[in-house]
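Chain lettering (A, B, C, D, E and F) follows the sequence in which the chains are written, and residue indices restart at 1 in each chain.
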Amino acid sequence: MARMEAAVGRRFIAEIKAGERIEDEVFLIRSKDLRTTTTGGLYIHAVLIDKTGQLVARAWQASDEMFQGMPEGGFLRFKGRAENYKGNLQFIIDAMRPADPGSYDFADFLPTTRGDMEAMWKRLVEILRQIKHPQLAALVGEFLNDKELMGRFRKAPAAAAMHHAYIGGLLEHTVSVLEVALRIVPQYPKLNLDLMLAGLFLHDIAKSTELSFETAIGYTDEGQLLGHITLAAIWIDKKADLVGSKLGKPFDSELKWVLQHIVLAHHGQYLFGSPKLPAVPEAIAVHYIDNLDAKLSMFFSEMENDRDPQSRWTNYNRALETKVYKPDVMGARG
Amino acid sequence: MARMEAAVGRRFIAEIKAGERIEDEVFLIRSKDLRTTTTGGLYIHAVLIDKTGQLVARAWQASDEMFQGMPEGGFLRFKGRAENYKGNLQFIIDAMRPADPGSYDFADFLPTTRGDMEAMWKRLVEILRQIKHPQLAALVGEFLNDKELMGRFRKAPAAAAMHHAYIGGLLEHTVSVLEVALRIVPQYPKLNLDLMLAGLFLHDIAKSTELSFETAIGYTDEGQLLGHITLAAIWIDKKADLVGSKLGKPFDSELKWVLQHIVLAHHGQYLFGSPKLPAVPEAIAVHYIDNLDAKLSMFFSEMENDRDPQSRWTNYNRALETKVYKPDVMGARG
Amino acid sequence: MARMEAAVGRRFIAEIKAGERIEDEVFLIRSKDLRTTTTGGLYIHAVLIDKTGQLVARAWQASDEMFQGMPEGGFLRFKGRAENYKGNLQFIIDAMRPADPGSYDFADFLPTTRGDMEAMWKRLVEILRQIKHPQLAALVGEFLNDKELMGRFRKAPAAAAMHHAYIGGLLEHTVSVLEVALRIVPQYPKLNLDLMLAGLFLHDIAKSTELSFETAIGYTDEGQLLGHITLAAIWIDKKADLVGSKLGKPFDSELKWVLQHIVLAHHGQYLFGSPKLPAVPEAIAVHYIDNLDAKLSMFFSEMENDRDPQSRWTNYNRALETKVYKPDVMGARG
Amino acid sequence: MARMEAAVGRRFIAEIKAGERIEDEVFLIRSKDLRTTTTGGLYIHAVLIDKTGQLVARAWQASDEMFQGMPEGGFLRFKGRAENYKGNLQFIIDAMRPADPGSYDFADFLPTTRGDMEAMWKRLVEILRQIKHPQLAALVGEFLNDKELMGRFRKAPAAAAMHHAYIGGLLEHTVSVLEVALRIVPQYPKLNLDLMLAGLFLHDIAKSTELSFETAIGYTDEGQLLGHITLAAIWIDKKADLVGSKLGKPFDSELKWVLQHIVLAHHGQYLFGSPKLPAVPEAIAVHYIDNLDAKLSMFFSEMENDRDPQSRWTNYNRALETKVYKPDVMGARG
Amino acid sequence: MARMEAAVGRRFIAEIKAGERIEDEVFLIRSKDLRTTTTGGLYIHAVLIDKTGQLVARAWQASDEMFQGMPEGGFLRFKGRAENYKGNLQFIIDAMRPADPGSYDFADFLPTTRGDMEAMWKRLVEILRQIKHPQLAALVGEFLNDKELMGRFRKAPAAAAMHHAYIGGLLEHTVSVLEVALRIVPQYPKLNLDLMLAGLFLHDIAKSTELSFETAIGYTDEGQLLGHITLAAIWIDKKADLVGSKLGKPFDSELKWVLQHIVLAHHGQYLFGSPKLPAVPEAIAVHYIDNLDAKLSMFFSEMENDRDPQSRWTNYNRALETKVYKPDVMGARG
Amino acid sequence: MARMEAAVGRRFIAEIKAGERIEDEVFLIRSKDLRTTTTGGLYIHAVLIDKTGQLVARAWQASDEMFQGMPEGGFLRFKGRAENYKGNLQFIIDAMRPADPGSYDFADFLPTTRGDMEAMWKRLVEILRQIKHPQLAALVGEFLNDKELMGRFRKAPAAAAMHHAYIGGLLEHTVSVLEVALRIVPQYPKLNLDLMLAGLFLHDIAKSTELSFETAIGYTDEGQLLGHITLAAIWIDKKADLVGSKLGKPFDSELKWVLQHIVLAHHGQYLFGSPKLPAVPEAIAVHYIDNLDAKLSMFFSEMENDRDPQSRWTNYNRALETKVYKPDVMGARG
């Protein structure tokens, strides 16, 4: 099976309709079960997913070999047909075969930002070019020129759950807070824009290492043991050394400390994992802008993803400690 | 003594220099003490204040009558001379006499915003005129047209201590958060600008009643018993009734509830006196914008008011739970 | 089907016995399921409820049409027979047909106080008539004479869960705390009885609007956005205005503030949604009397509703943060 | 100096007037200081107290011997005269001599309940005689008959500070909560009156050992190391053993545990030192009645002791987390 | 059935293999269910346990009588065969009959320490014999000589869940903390070894009464109402009285208080149920040694019991507030 | 003035006796005041300190020049005599002159460990040499060979206040916890000794940079902005890179992460500034050993430094949340 097929585009779960036949498509197997019919036969009950949703699937006349051949958390190519069952879609599996790793795109199986990732990246670079302070600009440049790091940064989610928990989410969140800073700083001229931009760029940058996001979003060992806050502080230290050796004079210590401090303090409270509380104005501003963007993202996604269009309240959201009220009293969200 | 003198302008404490004679000026008496000299005589030790600072004063050859005639927390006219004493200024009182209530301006004795209060008021009105939703515009209009309320609103401080704790502080804080909303909402088009503006205008409006600010900033009985959050919710209810009777149809209930909810939830946490947590996106946005403005104001005033120009850290600030780091590592605050 | 049937009285679930035939009775359908028998046929599995309990029901030889015709959360008339199945009662449905809305009483499907609601209402009025202070008596009278409000007040539960969570619960709880006040105030003569009675009458009055209790107990939008504490403060303000205009002189401000303060502070802590902490003796007394009554109600209902008569401890109760010990060591609860 | 003098009655500090001579009176010396006059001589500055207040005293022409002879925290007999000094009373010491321990009453130097301690004791016994359950009555009897313990119980304060912090305060508080129980239990017939009475009698009984109250109110070592909650649990265990051996059959274990549990849980929360949370209805009732009485006592004493009759609010009270509003809006406290 | 069989040893669930026949073995019935086969017959589905694990069991051609005869939470003798079913072991019941109480050992059905309980007991006694202070040695001796108490102490778990939650766990934990004290005290010579040993021996001793551990680990009524902390304080009081009467002079009060204080304070915080915070050095040392041992035990058991050998992190542990990282980066746990 | 004088040794404040003459000694001037005598002359009142205590000093016939010449927080050489004044020592200044910076030792003016700093350092190295794991030994070696860092490490206090707040305190605390680990690990063989030793050596190492301790103990800017926890994590990263480049292969990542994790988690709770909670057994062990040593140090120093030998309790200690009970009930602290 050639790569060309991917170019044609896959049939996403959200698009499949009852009565439709699927000749050959890759799905991620979230779970599987070998069950007995009322007449004594065996059948497989499975849940298949891609980034657009999930599909209950059944394979009749199953055998233990078939069952063993299905990798939970892995990929297979499926042939079959979609039916309606009690108002929900059900997929009847006719055949399964291995999926060649090169023949599908992992990104199809993870939720992804709706934003244009290339455009967001360009905007990020454009904004960061506005930094005028030579040392700070050089430091930010060290990060931007770190191909391997930026490769992960551009794909990473901004969280394992909670907000922007999708491929590209970290980039989207970072650009968004930078835009907010560009808008707000003129209102508070005592805030230093360069420091705000650098701090916001770096505040969550280590999420790119804290989180794993190859086949599912989770935590890496390094992330779980150290956390993105400490990782970013370490990285700034090392990049500052690099800048110093390139510029031929040590990076300004105080500037480095303040930048690291902004990152360390951006969760705003000890209880939320910040080892230091904001002690410079830019640190408190970064903290509130980060929170504003993350919480608004949670509100909007809670409202959009709510399953019951007729209810006026979403389900209880633990991070927000409340349900969200959905009626559009102002026509604002039309 | 004619009112004209006020036109000429008073001699403020911050301007008085050693060696200077004061022929006739009003001061607020913060505290007084009758003490004995080492030679057995009596003298009065007092602290005089106006909005620019405080002055230690002494009256030699004092009598108990003189002492009784000085109203603690009240005003007198003073004649005397300023001297240097151990590096600090000291005022030697030659004579004191009653100060006719009409002959001085209370505002000279309270700290006042450095902003132009008239210009800020115009800007406030200008911004609020952008509200397009007819009912909401009418409701905001009811508040703006309430002369007695707006009279207090324009003078009130935004807090008894903490941030913007000076005459005009509430107006300054309110205009500032409105400006931030104008800048930020375009970045989050799902937020309703009308609702943001109305919510930010009203979030602290009842500070004008919660606080007393005639001769000193404190709490009124009404404010201490009910709080500005509940007062604003009550006022919105009553103004909405007024709008309803003027428009000839009831004010939209849901819109009213959401607006009241934004006010009730703007402290963001139960522990900070909000009886409800933010349940609409505009409520969380109002909460963070309010906090951003208040906390930045605290940072900047902490840095400006720090007494020791050589120290690199301010004193510990209880509300911020930290000292503030003052060095201008970026030349940002030059 | 005539209303007369209701007069004859319904057959409540708690009274139904195995072997009994039900010719025609209305039940609320909590949930329904279309299932397959081991022989391939379809059957419906449903749960029917009224205020006395719930009943598992089955309809054999079911069709999809029958299934679609059952409104989840709605009402139908049922014909069938009760059987024993594995020790539990099971209802076999023979026929179902629509239930004319006028032909049954919603109250039969919601848990209701065991108290005599009419007698409790009379006692409430009797107690409140003891208020001697003219303005306070007039204010309480405004509430009592508000037919629409009292209509809801007399039916409302006192909570969505936790304590007195049944029709008439608010009335029952209110009368109970008034009785306690009548008993306790003579022990503390510095407490003002009028203020205690008015405060206790009004402390939860807005539960009548905060909660919905037509077909199930839940929260209204207004209740969830504003809360009963703020609503009551608003109502007192408006009723005081009414009293003022009727009496021809403004309602005493301080008295109004103190009454509103008692309501605002009755949860006793910020964390429990009170925006103010008790600052007058009557406020702290209202707080403790309210809590005493609510918590005792929780203890007794936890003990009575415990399913396992042989266990010595009830299940863990989250609000009480403990299990409850049931043995009657004193013969007290015999 | 004979005891008879005490019969005549002492001259209390609150009664002393300027110009008055004191021929021979005992005072407790709170603090003393040896100072130098401006002419180089020595004088003693001391603060003398009794239960009605304190008095600044001076002894001119002092010597080091005189100074050494004044026991800080101890008693002396003083001769001298009262003068007015800067609006305050000042006592000029003419002579001092030792105070024979038998010649004065410690109680004159400690604040004491205004209640009639003998009458309160009789009322306590009268109430506790109502306990009908034989074992419980016997147990309570063991406590009442413990002369040494009851001797301390009748004199002890109910707290070191906070509420009822005066001689007889524990008895006063205990009788008060028992009275409340007698009034409330009929409203909640499921509560066992015997258990309520015994629990309330014993809940703070070990304050009599936790606190020291000979010459000042403080904590004993035993009290500070173990606390009154644990001490009472131990005492109940030992008294129950005594009852068992007297009655010839073991005290009912479950009854003992429940009684001890009520005592252990009466602070209501772990944070306030209760090792167990209320798990029987009587425990929660004891908790709230105890709190109601203690908090009301704090409110009333805060209002009565407030020094500034013109202020409308008392000082901030840390235990209440608020100032108290003093105006008598209802004429309730006239 | 003779006791001798026990000598031969039971067949533990962890040892049973597919295909194996069980002729006659006792199992504890955790749960049972009467179900219908697809052909309409009845069968019993049950879960059988012993201390080594659990076993799903089925009895075909079941009757209601058979079902009623199975005591949930009780014991029966089973005959049958083990089969493989979908990768798991399944036990097919051929016959069941009553199990004579004397014919099996309860301990076989509860998880038990892997340590040698007899050796641990000897070590405990050996360590406690090092106490030199006569009164303290006598007091500890009273506990050691209390046969009935020591009988329970030697079998009790150290907790109902969390750590050392198995038969013998209390003994194991106690010996372990005593060993740590022997090692650490020489490093801190100001700590008194006798007091440390006595305090550690007694800190959890009342777990032997707080917990029930006959057929399952749970709480006794006494334990739930009073807690092991208060119980131990009571026991020390009574044993000290005994020592006093045996030695003919009262037990030293201060020593008793300090020992009781160490027990009361050993949870270290009010929130964890300690009514007093550590106020002597030995109390803080006992607190940390107790925690060190308990938490290490939790870490090691979390790592050992983790079901997925390939995962690098265990499941989230609520007491530790984290997952545990399993990789052996040092070869330490090889 | 030659350095030789230092060899002879200074006269410490704690050793000075009334009547003694001081010919030439350096003191640190904590505070100074220019005052007027009763006869109108000027005199200087100053407080002089060294590490052993403080001394009130007076210079009669003072001039403003003399006063200006005294650097607050700086050093001078003093000539004068010690007198008794009201029971306290008073130093009468006869002459003052500048103190050549090289002529005295800063360490004489800061409190210093009583331990032998050289011996402690040797013991530290000796213990750390026991680390067998090659990479870990190399990493620890990098730290030990960092002369500049070790220079600070050997002098630093372990805290600004609280525990070991004196020169050499960090070294003393570090050696002490290492000794505890050597004693405890054999009791818990699953703990890896190498990892424990490295973790304990590094847990507070950055206190050497977080704190300033030249003329007084305080915080550096770097310390206040970043904290010793983050600094140590950064240093480990950099030293591991060094080891990697020296050994010619990258330092094992997982080992590095675990070591950094132990440092990050050693405060045990978010609230105490740890951005991660202990997730490996060695991390929890390091946390408790650190706490045990720090808290015991606080207990012992609280008891030793208590000013009132007759009181049985020390003052309230905020970190311990209690007073400390001083009586030596066991003769343990003799």
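As a working rule, a residue touches a chain if its C-beta (ideal position, glycine included) is under 8 Å from a C-beta of that chain, and two chains touch if they have at least 3 such contacts.
Quantities reported herein were computed from a predicted structural model and do not represent experimental measurements.
J.: Once the contact rule is applied, which chains count as partners of both subunit E and subunit F?
T.: A, D
J.: Touching subunit A and subunit C alike: which chains?
T.: Of all the chains present, those in contact with both subunit A and subunit C are B, E.
J.: Can you tell me which pair among E-F, C-D or A-C shares over half of its residue-numbered contact pairs with A-E?
T.: That would be A-C, since it shares over half of the contact pairs of A-E.
J.: Would you kindly state whether over half or under half of the residue numbers at the subunit C/subunit D interface are used by both copies, giving same or different?
T.: At the contact between subunit C and subunit D, which are copies of one sequence, the residues are largely the same (over half shared).
J.: On a C-alpha centroid basis, what's the spacing between subunit B and subunit C, in Å?
T.: Distance between chain centres, rounded to whole Å: 46 Å.
J.: Please report how many Å separate the Cα centroid of subunit C from that of subunit F, as a whole number.
T.: One centre to the other, that is 64 Å.
J.: Can you tell me which residues of subunit F touch two or more of the remaining chains?
T.: Where subunit F meets two or more other chains at a single residue, that happens at 38, 221, 224-225, 254, 258, 261, 279, 323, 325, 327.
J.: Go ahead and list every pair of chains that touch.
T.: Pairwise, the chains that meet the contact rule are A-B, A-C, A-E, A-F, B-C, B-D, B-F, C-D, C-E, D-E, D-F, E-F.
J.: Give every residue of subunit E touching subunit D within the complex, in rising order.
T.: 221-222, 224-227, 229-230, 233-234, 237-238, 253-254, 257-258, 260-261, 264, 270-276, 279
J.: So in the complex, which bits of subunit A are touching subunit E?
T.: 34, 38-40, 221, 224-225
J.: Taking the touch rule as given, give the residues of subunit D at its contact with subunit B in the complex, in rising order.
T.: Answer in residue numbers: 38, 86, 312-313, 323, 325, 327.
J.: Where on subunit B does subunit A make contact in their complex?
T.: For subunit B paired with subunit A, touching residues are 133, 136, 176, 179-180, 183-184, 186-188, 190-192, 194-195, 252, 254-255, 258, 261, 277-281, 284-285, 288-289, 291-292, 295-296, 299-300, 303, 320-325, 327, 329-333.
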